[in-house]
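Below are two complexes that have chain A in common, paired first with chain B and then with chain C.
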Partner chain A sequence: MEKVRYERPIIQKMNTGLMNKFGTRTEYEPVTHIESVPVKSLLNDYGSPLFVISEKQIRRNYQNATRIFKTRYPKVQFAWSYKTNYMNAVCRVFHQEGSWAEVVSGFEYDKALGNGVPGNKIIFNGPDKTDEQLLAAARNNSLIHIDHYDELYSLIRLSEENKLKPRVAIRVNMDTGIYPKWDRFGFNFENGQAWNAITRIINSENLELVGLHCHIGTFMLAPSAYAIAATKLCELTWKIKEKYNKVLQYIDLGGGFPSANTLKGAYLPGSDTVPSIDQFADAITDVILGFGFKHEELPLLILESGRVLIDDAGYLLGTVLATKRLSDGRRATILDFGVNSLFTAFWYDHKVTPAQAFGDHTEEMVLYGPLCMNIDIIRESITLPLLEKGNHLVVHKVGAYNMTQWMQFITLRPNILMIDLENKTHVIRKSETLQDLQANELIPSHLKENTLK
Partner chain B sequence: MKLKKNIATSEEGFIFNPGTGDSFSANPIGTDIISLLKDNKPLETIVEIICDKYDVDQSQFIKDLDDFESQLKDYGILE
Partner chain C sequence: MRQRLNTFRNLIFPAILNSYSVIFFFNNRFLALVLMLVTFLNFYAGLSGLLAVLTTVLIANALGFDKIQLRKGLYSFNALLTGIGMGTFFDPGLVFFTLLALAALLTLILSVTLGSWLNKYGLPVLSIPFVITFWFILLPSSQFENLGLTQRNIYWMNEMYSMGGNSLLHFYQSVNSLPVHNLVDIYLRSMSSIFFQDNLIAGFFIVIALLICSRITFSLSVIGFLSAYFFARFTGSDTASINYYNIGANYIMVSIALGGFFVIPSKYSYSWIILLVPLTTLVLLFFTRLFEFVQLPVFSLPFSFVVILFVYFLQMRTKVSKFFLTPVQLYSPEINLYTFNNNKDRNAQFLYFPLYLPFWGEWNVSQGQDGEHTHKGDWGKAFDFEIQDENGKSYSSGGLLCENYFCYNKPVIAPADGFVEEIIDNIDDNEIDKVNTFNNWGNTIIIRHLNGLYTQLSHLKKGTFKVVKGEFVSRGDLLAHCGNSGRSPEPHLHFQVQISPVIGSKTIDYPFGYFFETKDYIHKLCQFKRPQLGDVVSGVNENLTLKSAFELMPNTSFTFRFENEKGIGMIEKWETFTDAYNQKYLYCSETESSAYYVNDGLMFYFTAFYGNKKSLLYYFYLSAYKIFLGNIDNNLISDAMPLNIITNKRISYWFHDFIAPFYNYMRVNYSIKHAENSSDIESACVVLNSKIDISVFGKTRNESTSDIFINDRQLSGFNFKNGKTIIKAVCIKS
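Let's look at the complex of A and B:
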């Protein structure tokens, strides 16, 4: 006689009157495949945990976003935000699709060059650019977005000394009606600082002002804030044309569009509440098109979107290490990946689904990572089927920031795999070893001999 | 592991404690175990019967049975 499929025994107290009107969300629909490749075989072949990136989804996201903007506005250029995910394979997919590079550090700049991006298609943002990096960017004809006066004057000096005329923009910060106001980067619009910087650049013989840039925040949920930002950049662009008879080539509205992840503390899931790219595109392009620019003087619209283009292309697959019960009776499930790998668990309630079929019973649980640290919590409360040691789980929408902000802490970082358009798998970053970790460590000679007798 | 005498159970997994008024539901295997406890079966017999019926090895089930016992204790169902 065939045996009945096993699940561990549970008993649950029945409560009434405690549910919210939407009920608790239960993720018991198993996700057994990523782009037609079985999760089980991925974990068998490449180890657990494992980051998986779908090339198909990246391209789908990019093509969708460009279509949305290009059907509304004639001149649109995306620049891939390296800090969101600077795995070279990922960057190259974006570059193949036509995306420029947007970098915020010297090594990101070098990565972009290494990925075959011509210097004149690299946007160099951020407050930290050394003289050496500024010179390299100027010589490569890159777009240098100036963050502060110290940088502005350094660049003027370097350009004079080296007889260069770099193409520059300034980053403008402004009140767009949202909180917190990001005023730590760039020059302020309202207090006239931005106009002063513009005047200084235009009066300099060694800098060419070609655009204006802003980046109003991250995970922005209000398209109207982008309309305000676009209006203020258009006002500056218009004023520059009026006062100096200079037509700027572009305005760059930065990034900040949200993915469909659910922020911690949100009442409803992100997939139900986050505005679509269409809404952001409407807000931005309506302003620029309605501002009164002559058709031939319409600025190129640059967007530095990161998260919205990559988050749902990334998955983290993992395995249950153990289950236990906490002192208050709640179930605790310990996974083989923690906040060191899944950094975004600090601000999202990530969707987590089982990777194999289960029975109908579920239980509320806490998902812990494997770190010997109390803060290592993947989900504080989630309802899942009855998990056992060895079961596999899939964490969704992890493509943004995890593969750049992850930490080598207690455990080593796992493999990152890309599934290509033909569903073939490619390791794009090998899992770390102790040798990798210690490669840059040096031991002083007096400590070379082991002294523990 | 001994069930309180006044605990009422149904074949569908509904459990009622008339002493406290609390109601509980168990999954099928939990219901089987409670039913065996109600019949005063010793632990060894419970392990044998369950491992015979379900696709599980004995060590795994004994571990899970420990966990189930602590759930029953927490809910005040055991003597």
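Let's look at the complex of A and C:
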């Protein structure tokens, strides 16, 4: 029999008011295992904190999303959004599942090539593409999504000089009835800029316009916005067919589908309020199928979803460093990971669960990271059971953006682990060492002598 | 003048040659020349044979008979037999040649009239015109005083002496008295007697030529001979039924005709001839005794009688699963056999109208044909489909509502082009696990694809129909959404093919044209197959670049520039035509070659090639034998080719011919793939790599490789490489 756990005594303020039949106990169950691997052993073996990615969940998410779209529309292609999580192992799981690569920089482009993605299955987005990168993409027959006129002119010049015929699309921005309106990327639909750019491309002999792209925003909560975006892209496609007798091959609606995380300031948890992928799929495919294209001229529907496919496959495991009481009486818990590792803590109220059994009592607390910075807060207010030094915690739905936007700040970045389909563990990125970080540092010769005696 | 020369070269000359070889059912110049040489061993017989053929061919050509039949020698081979026969039996002279001309005319008339009469029943005329003509000559011949019966056959040594002197005579005698086995001796003499001769040299030449032309014909001649010989010994009818002529022109010919020419050579045909040769003995003895009354010899009448009778007998079968009649006569047992075997594997595609899966994405077969729940009896050949997740579940969150089911409300699309025949759209969805047996089929649509080919899609969702009754729908058009109406305890799609437009008609067994079966991440292309219970299937998307490159409209033509094997620049032009049977083919007039093809919208494939095997069209036939016009991830498409396309014939190939009717240890495999990864976004330029491999007992060697280039959605050229032959063809006009 397991030893009964000691819990320190607490004093709780008595709340008056109507009785609540659910009481105040936490709704969370302890999460002791991830894909049947004990959290405790993971932390023992690989150190704390630790990112864990479930390969099974990635594949489940991908298959679910493709099933949802492909049973509604004949031609669908997902392209893995590299910036969401470009750990090579993660990318390769997506590529194995059939996903193309969507990259937004030369660095990501090279990463995609390195992951074995054929050039013609890489979509090159983003406002920053150098001449060299444009040339390489054109030579590899990649799909280049043009963001602005300067890029368009560069590409025309480069393809003329090098006798190339790159396949291009333009990024279109538009009013889809949501706030904020994203108009800093691409060419605007409403003011005619997009049509202008299309005309230029069609009239240039060296570019082949193959599709249209838009990315209307991120963490979109309104399927209707996608319906509007799809309508506007279909209108352009139709007009191009009518005017230039050219059938565009694809419509790329970008990403932006939300994961089930809870945005800061949201009243209800994300899992209850976020629309399902089915709702987005219905909105998009209803528009395209109803637009009147001939069966064989239906454009390929490309989706660059990132977050919704990876977020819930990622976990961050950590350990309680200390607990203390703040000046206003609130309980504060200090963890061994902060916003340096968990960047998305700035946006989300992440779900955090203890990784061991606990008693009936809970208390409200602030979760702080280990940084020597005031902003290092994981959760400003969360009700958790009584925690003590050495307890383990699991942060859920951290697969998106953390492993790409994390900071090497004050501390070193931890291991990233993947649990495969047979529940075997693989380190997919080793924790950083001092040598790693200093490898690129150079010391001027006059500073080489150690002056402090 | 030039035109006459052309007629001679392209029609008269081949017709004369084929008259010789078609006696053994070939159109083969080598065999023809050997046979012609053999006939000239008896000089006057050979000469009168040749004259008779020439007369017949010229008259037939002048009168404008069918050039194709004429060219094949079908009108004139009887005249050849008559001519040789007359030359053998009568003395040459003015009267003789006059009679010969008349006889030739008579055989032509009989060949044409009897031939066309029998042709109506799909039967050959064989040597009946020769037999009748000869009777017409033989009976009155005693009336012609100036026509002398020849004595050359009696004093043949004198004749030979006068022709070639002593040396020829010695040679002849030494060969004729060679110590060969008795059976071999009889066999060779029998073969020579088909041309009214009786010597080992002629027999030897004929047999060697036959062996070179066809191993199957040779082995059949031996089997026919042995069967006849041993049956005669067994019954003791040797003296009456066994003479060289009867063995050669009747028994062996029956064996060749029915063992490998009119039927596809197989173990069945080989077994049958062992029975049929004794039967021919009966027929022969009967006719011999019968015609003795009128003093007529029966010649090859028994052969013709038995063969025509038996072919007609076989034609009357209603269900044929083995022992097939030759569907398209290619004048060689080997080619017939290999082509037939090849078509048997491929012909599913000719028989069926391609239907496609009526949905998008991956669905599971939840009940297959003759399934355990409702696909019973007359309604057995139906399919039920639903969507399952990776764990094999068809629903999420409890599955108590229709909306929980993955397939519920998913688009249902037209499986092929057709007219909407019937729509029922007034039945509400059932609750889960309840069935509506009153309106069994639920909301249903019936589409007429062809007259007598209807598809029915049932259990759809009320109010989701996007088409109306009478409307034309194209393949892939959205029809309605999947629902749970009718006898449907949970949402699924019911699909069946029927021959009548009535809702709930009995089903017919019909495959889907092209679809993918997914297993362990591999999408396997299935062609004209019936998906089975539990299969995960998905539809195919067409590749518009390939589709437009291989959509050869009538009256289009291609002009190619290439260098032939000798490095000489050549131009070849191909045109597309459609024949009387609605079969499409590419025709090259320079080389008189045609390549028949089918394009069913998703597959372009050649079905046959006739003509010059050195033509560019032939190389294209080999290169583009089968091209999938859709998108496929693993890219590779393969198909079996007939064995006779092999150019580099090794000993193993020759030996294979002997046992091919029983067992095939050689295979010719064609495969093709995209040079680059194909994707749903098409590039206007595509390169396809194809190759032909030959496997002998599982060991594979490469026969040829090709690249096909498509530029701007049009065929722009191709390369073909076979050993040292390298052809690079560029399309300069299309």
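The rule is simple: the second predicted complex is superposed on the first by the 438 of 453 C-alpha atoms of A that agree within 3 Å, B and C clash if a C-alpha of one lies under 4 Å from a C-alpha of the other, contacts with A are read in each partner's own complex, and residues count from 1 in each chain.
Everything that follows uses one rule, which is that a contact is a pair of C-beta atoms (placed from the backbone, for glycine too) under 8 Å apart; a residue touches a chain by one contact, two chains touch by 3 or more.
Model, not experiment: these values are computed from the prediction.
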item: Touching partner for A:R325 - first (chain B), second (chain C), both, neither; value: first
item: Which of chain B and chain C A:F124 touches, first, second, both or neither; value: neither
item: Partner chain(s) touched by A:Q12 [first = chain B, second = chain C, both, neither]; value: first
item: Chain C versus chain B, contacts on chain A by residue; value: C
item: Which superposed partner A:L143 touches (first chain B, second chain C, both, neither); value: second
item: Partner chain(s) touched by A:T71 [first = chain B, second = chain C, both, neither]; value: second
item: In the complex with chain A, residue positions of chain B that touch it; value: 15, 22-30, 32-34, 52-56, 60-61, 64-65, 67-68, 70-72, 74-75, 77
item: Sites on chain A touched by chain C in the complex; value: 59-60, 63-64, 66-67, 69-75, 77, 96, 98, 118, 120-121, 141, 143, 167, 208, 210-211, 249-250, 289, 294-296, 300
item: Chain A partner contacts - residues on chain C that touch it in the complex; value: 359-363, 387, 389-390, 406-407, 410-411, 413, 474-478, 521, 538-539, 541-542, 544, 633, 676-677, 679-684
item: Sites on chain A touched by chain B in the complex; value: 3-14, 323-325, 329, 359, 361, 386, 388
